[in-house]
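Shared between the two complexes below is chain A, which has chain B as its partner in the first and chain C in the second.
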Partner chain A sequence: MATIDWRIRRLAQTVFTVWAVTTLSFVLVRLMPGNPMGAMVRQLEQQGVDPVRARQLVELRLTIDPNEPIPIAYVDYIVNVLSGNLGQSVYYAEPVTQILAQAMPWTLFVLSWSLFISFFIGIVAGALMAYWEGGKFDVGLTSWAILMGSIPYYVLAFLLLIFLAYRLNWFPTSGRAPTGVPAGFNWPFIKGIVHHATLPVLSMLVASGVASLGMRGNSIRVLGSDYLRVARLRGLSDTTISTQYIARNAVLPMYTSFLISIGEMFGGSVVLEQVFQYRGLGYYLLAATYQRDYPLMMGGFVLITVAVVLALLIADLTYGLVDPRAGGQNSDSY
Partner chain B sequence: MTISQTDYESSSAKGETIMEIRNASVSFDMERGDSRVLDSVDLDVHRNEVLGVVGESGSGKSMLASALLDAIVDPGVLTGDVTYYPKNETPVDVLDLDKQELKEFRWEQVSMVFQGAMSSFNPVRKISTHFIETLNAHDYNVEEGMERAQQLLRDLYLDPERVLDAYPHELSGGMKQRALIALSLILEPEVLVMDEPTAALDLLMQRSIISLLQQIQERYDLTIVFITHDLPLIADLTDRIAVMYAFEVAELGPTEEMLERPAHPYTRLLLKSTPNLESPIDEMQPVEGSAPDPVNVPTGCSFHPRCPLADDTCKMNDPEAYNVDATHHVHCHHWEESADAIPMTESSTSVESPTDRIDRPTTRATRRSGDQPLVSLDDVEVHFEKEKGFFDFFSDPETVKAVDGISLDIYEQDAVVLVGESGCGKTTLGKAAVGLQRPTGGSINYRGEDIWDVHDSGGSGTLDWGEIRRSLQIVHQDPGSSLNPHRRVKTSLEEPLKRWHDDLDGNDRKQRILGLLDHVGMSPPEDYFERYPHQLSGGEQQRVAIIRAMLMNPDLILADEPVSALDVSLRVEMMDLMIQLQEMFDTSYLFISHDLSNARYIAEKTGGRIGVVYLGELVEIGPPEQILHNPQHPYTQALRWATPELELAAGMGDDQTGGSPIRNIDIPDPTNPPSGCHYHTRCPEAREVCKTDSPASYQASDAESHRAACFRTLEDHEYWNSDSIVDEEESFDG
Partner chain C sequence: MTDHTIEDLLSDDEPTETPDDGDARTDGGSVTSPFDVVSQYEETRRDRYRKLYDAYVYAPVSIIWKDWRARIGFTIVAFYLLMGTVGPLLVDEAVVAEGPALAQPFENWAYPLGTDDMGRDLFSQVVNATPEMLKMITSGALFTVIVGTTVGGIAGYKGGTADTVLSSITDVFINIPAFPLVMVLALLLPIGGNPWVIGILLCVASWGGLARAIRSQVLTLRQEPFIEAARAIGVPTPKIVFKEIIPHLMPFVVINLTNAARRVIFEAAALYYLGILPFENLNWGVTLNLAYTAGAHYRPQALHWFIVPMVAIVFISIGLILLGQSLDRVFNPRVRARHEKTTEATEDPEEGDGTNTDVVGGL
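What follows is the complex of A and B.
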């Protein structure tokens, strides 16, 4: 094969994408009106500090020079990032890596549960809808799925918050962990964080609507396929047919949409964590944006970009394992 | 298999029944009413025979196939009796079996090969897995079974190691179909039901599979029920043929009888309408009318609306089976008169036609030689590079040489038919000839000017790109997708007139279009004028597409398989129409076809030429009588062999009774074509020199326009002293 292995090419594309997004975010962040200096001075002024004094105080704390020309600041930043240093948060006065490292697990916790639960519901519902195609169950679930697909997750979040948290007091209204419980591997704490994560996870389940419609379409296509008919005639067992023939082929296209929705959910976490005051990645990202905290904003953007691009890379590289037809150009087809 | 006297004797000796169908009906409950897609069919299948079931699309033949395995898809309901007679055991009532018994019956006793081999394998599992799971599901010994699978695959000329280890998408269509046949035989069934098993394949592959089936049938002692729309294809495979019309069996008899003395008017008309190589073209006539709708089958004999013999009895009474003789049954009240009413050879009228046929081409060819060609292709190459990524700076991309150095001249009022297997580059060549595909090498001249020079320079005064675009038109294979579904017929047809005849006013345009619609048989034209494409049948859509191309007043039309999407009985009609329009509009055709009998029909009627394309090269071109009766290139001979004949053994030439003239069933990979003569890997005449030297185009016979790219046309070529590379062992003979 004369061409470069497509996997290497795909990897290079990934690196290129991360670099391009980082550069673009860097320039946009710097071009935003205001800067960290102004934001902090304004805050101190509101607390009654004399403007001149406030400016001096801020200059003492500031670790970056907001007035540095963009190209120079950019080169500095890239060099630092490549050596693993995302800078010092202006607002929290802590290393960005440290803030992100302690926020990331919380976001991942909510995200992974949302993803798994919504895709599980979606796939099961979709398969059942296809099985009873045209029946009451199908019609009912299709309407449900369309409803779920058309509600924005943050509207659902507010509704859940109003009814389940404020009115019924079943769930906490904000936060990510119970107060007064020592963090650690103990039952009250685990119960507490699950309790706090329930509403954010529920709001994200809107994704299951789209997933179930996709699964329904895929399953109907597989159910009508010739190879299924031949398999039945060959007398294969129902288990083999339903797992190896129907499920395997119907779930295949869902695999890509699963990994793509990781990206969507990261984006959604910014608003969601604000609604629930859930101190995860998105929460800090928004706070950093208010404060024009350049290093923290950039750190958040880079992290999300890397996560999404990696998810897509994994999807591409592993799709060949689940679907032999996508084995790349290296398969010696004849 | 040639049905000689002895064969026929033995086939009647083995006339013991293995499957018996009595009064079988299949009905679907549809919104428009109850739809009967199989109507009280009685049929016996004899042990070890090959029974052909022939019918047009929608005649219920696939339902009959499914009924044999009690495998009608929901919501169809099968009633009647299907009885299976195992050897020395008690008969089995197939429709009475419970789930477990049915599972054992299917595939172990009767198995089935579907039309859609492309989609009959689970795309995510290897071929070997399909064999293993089938063996497991029926509690067969897997090791023994896989040995049998390997032997079956070898018998079907496949490499067992390679095929078993492949995923379905890695195999070509023909390989998949053969692997599917092997899979259906893995449990050693007695009966094999094949539902259009070759319809999606190239002619050469179809024919190769048919000859393999003959061997397989003998080797494994099979009874085969072969269902097809293509009567000539199975003429020398089958022992008996059943013709189906409107969900019933119209006629059943021994193959020889059915071909030579068909008794049902439909069979006679069907045989006459089928394009083939032998019967004089003037005798080919379409079957008038169309097949009935399953919800609304005519009363009495369902063929009566289309039948020239129909009278009041036919309208009232559904004909029972009349016995022509002990083995030949026909469902027609007037079968005794059919032979006189519908003569198979119109001896009285066809006397002058042969001379007519031979005269025309010669006169044209002489006239042509002095003329300037209309479109001239000079050493045209179209190479496609395989997808090239952003980071592929350093590597050489792979190229597919779709067209690899073809020269061809097309004259005024000419017709050239390009024939070849799929993927040989004939469509690409056609598109290049009408300026829809820019060649990567060589030139295409329209009236002496290079069209791509004109395109780049923006016109040279006498000729601009728009003029070329108007003169070179295309008619696609699928009329349904070449008409804009949101535009009425009138809008589609007015467009070219508005563009090129702006002197006409609205009424003139309308009159002109109405006249044309009427002329092509779409009457009343006022009605068709206002219709949308989906309100037209396939044949009507194709007519509109042809008229649309004609209204541009083109000099050359590329017709890419214009009839292959149509039902067999409509093809001759459509080709006649196109030929008639050629004379009317004074245009030239470049036809593309995969079917030599269609090619022959058009080329003979228009006095044109047939060009044979193989792996991007034009291997032979010439007038149809030379290509058909005096083919010089071995590939043309193979195509000739692959084209089925209606006549049996007596009508066959020497090359027909012998085995297959190809050594290798599968086409080589076009990204890496063989060196030297591309055909040497399959050619039965290949010698050492063919591996290294590529033949040029040589004069092939006395006919002026007959040329072939094969060393064998030269008397003093080093080929004749070269060693043969044909290994007798490897050769595939049918």
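What follows is the complex of A and C.
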């Protein structure tokens, strides 16, 4: 085991996860009692569609052929998914891949900003809390962080929507881009996008509360360590100590919680995009659930999972660059 | 020495006496075999229970009670427990048109938190939703902790193939975003409205993090001398895992229990709000959903309809966070070590913990 490079193992694990999720979606659609495939065939037949034609339609939409035995249908399905064919949406009558591909950048836009801003705030606040530990600032900020941690992001989203959008009219109440402005690389459009994305990004900032508490704990631990005393005895400047000795060591363990946040935020995008009617991945996933549009729903589910898995893979592979001690190990070693 | 003596020594509570060989029994000093007498004085069953009580009940409770966070956290959680058990007996179920539509809160004692647009009492809605919520929280949190601890414990302790298989499964669950999975499962599986099942469903993908953490802790623990000793004298593996290793992980597990509980509340409310979970009775999430569909977010006179369930959700999570944090302070040796140097914190936690470790060592 140990002889195999961890990067290869990590890659194998990613492939395994994607395979597991795809298989799960196949099992749910094809094998479960009362499964969507059977339901779709029956529904079409009831609408008076010729049984042969109905089965063809279902195959087109779900990329699973109802006539074939399960093992063959399964292999076909996997091949289809791998080649990017997720079937055809019933409600939108468009290929699932196409719908999701145009929604994806919007979700990534909101999520990446939420992640970076909330972790930046969390790290700075946590470091300050640790620096003034026990003081008024620390107590105040700790209480604030606890409160932030207790508020689900969607509750904050409601509050922002009610007060900043409906009451004060500072931000648009729904949508993802300004209407009547040509899409493209022009200032009004970019400004409009940022304007629409502000409230969703702000709602996700609740994550900064938990992050700041984690950072505070790490910093306090580093502050109590022996090498820091030695560094002070050596007469190193305060700047060197705080940036090279404290900040670096305290931030590194935050990486793991950063990784976990990626998955949680992707999941959270479903509720958030519903609240703000922001047409991203989560919005279409939810719309598909309401419409019982199974191809779009399963496609959205598979795609969100793949996106998260890839994000985690990239983050893990680059971890060695951030932490030289990890050399040949990934974030698991923490 | 006869077998009679050994028998007497073993049955410490009620020695059966035969009048003739009193001297064989009276002094423990004249034993011929080193195996006859183990301890200088006998420990009765009651002593043992008292020590256990000291170590696991009295000391932690007294430590916790000295921390303001823990006090608030416990009070809030206890309040919700009361609301979930006694509440429904005292507060009648909300019915349509028991008051005027959209009555404002704090105006009439018949409906203290106001009413919704069908004149249903919001306070009663909150109270009567609590038992179901508590059931979900219990089953979900227990499921997370049991599966996470078992999988992580076995993977870490067994090693080899078991570890490879279990770790791969764990990694899959860590990588999958939980919320979309739960959403799809809730829609496609015939779960019905049973709160216990819903609780488990909500946590079906969220035990991975705990399992990984437990595994790495077990990997460290199994190198400890006392575990090696247990292995050397041939204690069966399940007994070592559950009697020696798991108790050392308990603090960690308890903290994760509160986190899992918080996750269940957040996710349940979100899924009910989205209208994905089937429901029969009103609960916090369903109330949110109804308020949103009725446009309470842009109708100022309906604002309280939105705020009431939100406060119910936020309040219990504050309680759970405070509880988890204070438990962390009690159990986390790093926090303790840091605070040993400061003067203000030295008084209580260390004292309490001193007794704790002493008693455990004595056992």
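As a working rule, the second predicted complex is superposed on the first by the 271 of 334 C-alpha atoms of A that agree within 3 Å, B and C clash if a C-alpha of one lies under 4 Å from a C-alpha of the other, contacts with A are read in each partner's own complex, and residues count from 1 in each chain.
In this section, a residue touches a chain if its C-beta (ideal position, glycine included) is under 8 Å from a C-beta of that chain, and two chains touch if they have at least 3 such contacts.
Nothing here was measured: the structure is a model prediction, and the numbers come from that model.
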Of chain C and chain B, partner touching more chain A residues: C
Which of chain B and chain C A:Q13 touches, first, second, both or neither: both
Which of chain B and chain C A:G134 touches, first, second, both or neither: second
Which of chain B and chain C A:V270 touches, first, second, both or neither: second
First (chain B), second (chain C), both or neither touched by A:D76: neither
Which superposed partner A:G300 touches (first chain B, second chain C, both, neither): second
Touched partner set for A:E45, first chain B, second chain C, both or neither: neither
First (chain B), second (chain C), both or neither touched by A:F158: second
Overlap of the chain B and chain C footprints on chain A, listed as residue numbers: 13, 332
Contact set on chain A toward chain C in their complex: 1, 13-14, 16-17, 20-21, 25, 28-29, 32-36, 134, 146-147, 149-152, 154-155, 158-159, 161-162, 166, 173, 217, 220-221, 223-224, 260, 263-264, 266-268, 270-271, 274, 282, 285-286, 289-290, 297-298, 300-301, 304-305, 308-309, 312, 332
Complex contact set, residues of chain B against chain A: 69, 71, 73, 103-104, 106-107, 111-112, 114, 116, 119-126, 133-134, 137-138, 167, 169-172, 183, 386-392, 394-398, 669
Interface residues, chain A side, partner chain B - complex: 2-4, 6, 8-9, 12-13, 225-227, 229-237, 240, 244-245, 248-249, 252, 322-325, 327, 329, 331-334
In the complex with chain A, residue positions of chain C that touch it: 164, 168, 171-172, 174-181, 183-185, 187-190, 209, 212, 262, 266, 269-270, 273-276, 288, 292, 297-298, 303, 306, 310, 313-315, 317-318, 320-322, 325, 334-335, 337-338, 341-342, 344
